[in-house]
């Protein structure tokens, strides 16, 4: 899967594309954590417009990044999930810790 | 698979869409033959723009329609095959009896 | 049981086969004329079950995972089996957020996803060893 | 032979499974990073081999067709087997335009397509009965 990063004002936007399953999760985690440590920003947003599929391994990956960022008092958000991804994010309760935002908020 | 028919001047255009394999060939053959007998036209064109896949069963289906039409002295052409379909039409020599034409010819 | 159609796929316990498994099953169920949501539900549930075999059942990538798919009218039966470590307390394992691998950032939501996305879920010990996951989904109007 | 990865699919000899078979194999070979042309070639060759089992090997839809797929470096091995009628004269059967079912509008091009689209094709009798088709395709720069 592809991961791109963009800093916009104080926000780090992380663009995930492809499919996030157990095959991809370890490398995704590593690449995201490297960026989380490298850049300076106040909050982070996962943009999932191009994430075509994810399962509960992806939920675990998001929770892990949330824990890391909340230790630094940084907020994390999610935007633009497709239908399949939305369904799994909603049922897992992830939006309670990483709220879903509309593009325009940033 | 979907099959649509259009008469334009003296030409019957047959639009195939979906995948043409052994599963679909018998019903495609039947629906096409019904139209070939029903309409009046001087030549026929298979438009394959929306045919995503075919294999040699499809080649047999085209040869069968060619035989039927050539008994009535009607010419048959093919237009707009995708890359996969083009490859199998070319290697099977089908274009020797059903030449490929550009859209504009009609 | 007499199925209208059936297929079995058997593959190595490698992560890259999670993609293969869910897409192979997706290709099989096309004949049920699924909605996009039904298709996604089945792909997700299969992905969860296969990931569990890879992550929890086996230590090596040289073991095998098998998925049987049977169609009975509008009902899809899926059976995912491994011959790995097995689950000591199945009831506990199926609870939401329960995981034996929190250090790997597993969410413990695998079985909950299967249960939510399919119409039924049943987990058993395999013989002589390992785990079998049975799931069904109904593709008519009576399904989820 | 030691394969880096492998998968087997086994399914009923029903026409609807031609779609399943070629798309399941397509999902498996994604890990080889195929070009679109390579992907189409394999799908087409698999479709031909499976159609032959359905059309020529069996009279019933309750028999089984099996496809083994193995990856050895950049080389894909595919083995399609049935336990049906078998082929009396394999060499003759493989000739372009040769078909025993012209009345069904078969083109006799099935084996020719497999041969052209893959890097190798080999056909054998199965034991105790039926036919086995072996095909390989190379996904590096040395393939077709």
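In order of appearance the chains are A, B, C and D, and numbering begins at 1 in each one.
Keep this in mind: a residue touches a chain if its C-beta (ideal position, glycine included) is under 8 Å from a C-beta of that chain, and two chains touch if they have at least 3 such contacts.
Keep in mind that this is a model prediction, so the values were computed, not measured.
Looking at chain A and chain B, not one chain touches each of them.
Averaged C-alpha coordinates give centres for chain B and chain D that are 26 Å from one another. Here the CA centre of chain B is 42 Å from the CA centre of chain C. None of the residues of chain A touches two or more other chains. Counting only residues that touch two or more partner chains, chain C has 16, 19.
Contacting chain pairs (ordered by label): A-C, B-D, C-D. If you check the complex, the residues on chain D that touch chain B are 15-16, 18-19, 22, 36-37, 40, 43-44, 47-48, 51, 54-55, 104-107, 109-110, 112-113, 116-117.
Only residues 19, 21-23, 25, 29, 53, 55-57, 59-61, 63-64, 83-84, 87-88, 91-92 of chain B touch chain D when the two sit together in their complex. Touching chain C in their complex are the following residues of chain D: 5-12, 14, 16-17, 19-20, 23-24, 26-28, 30-31.
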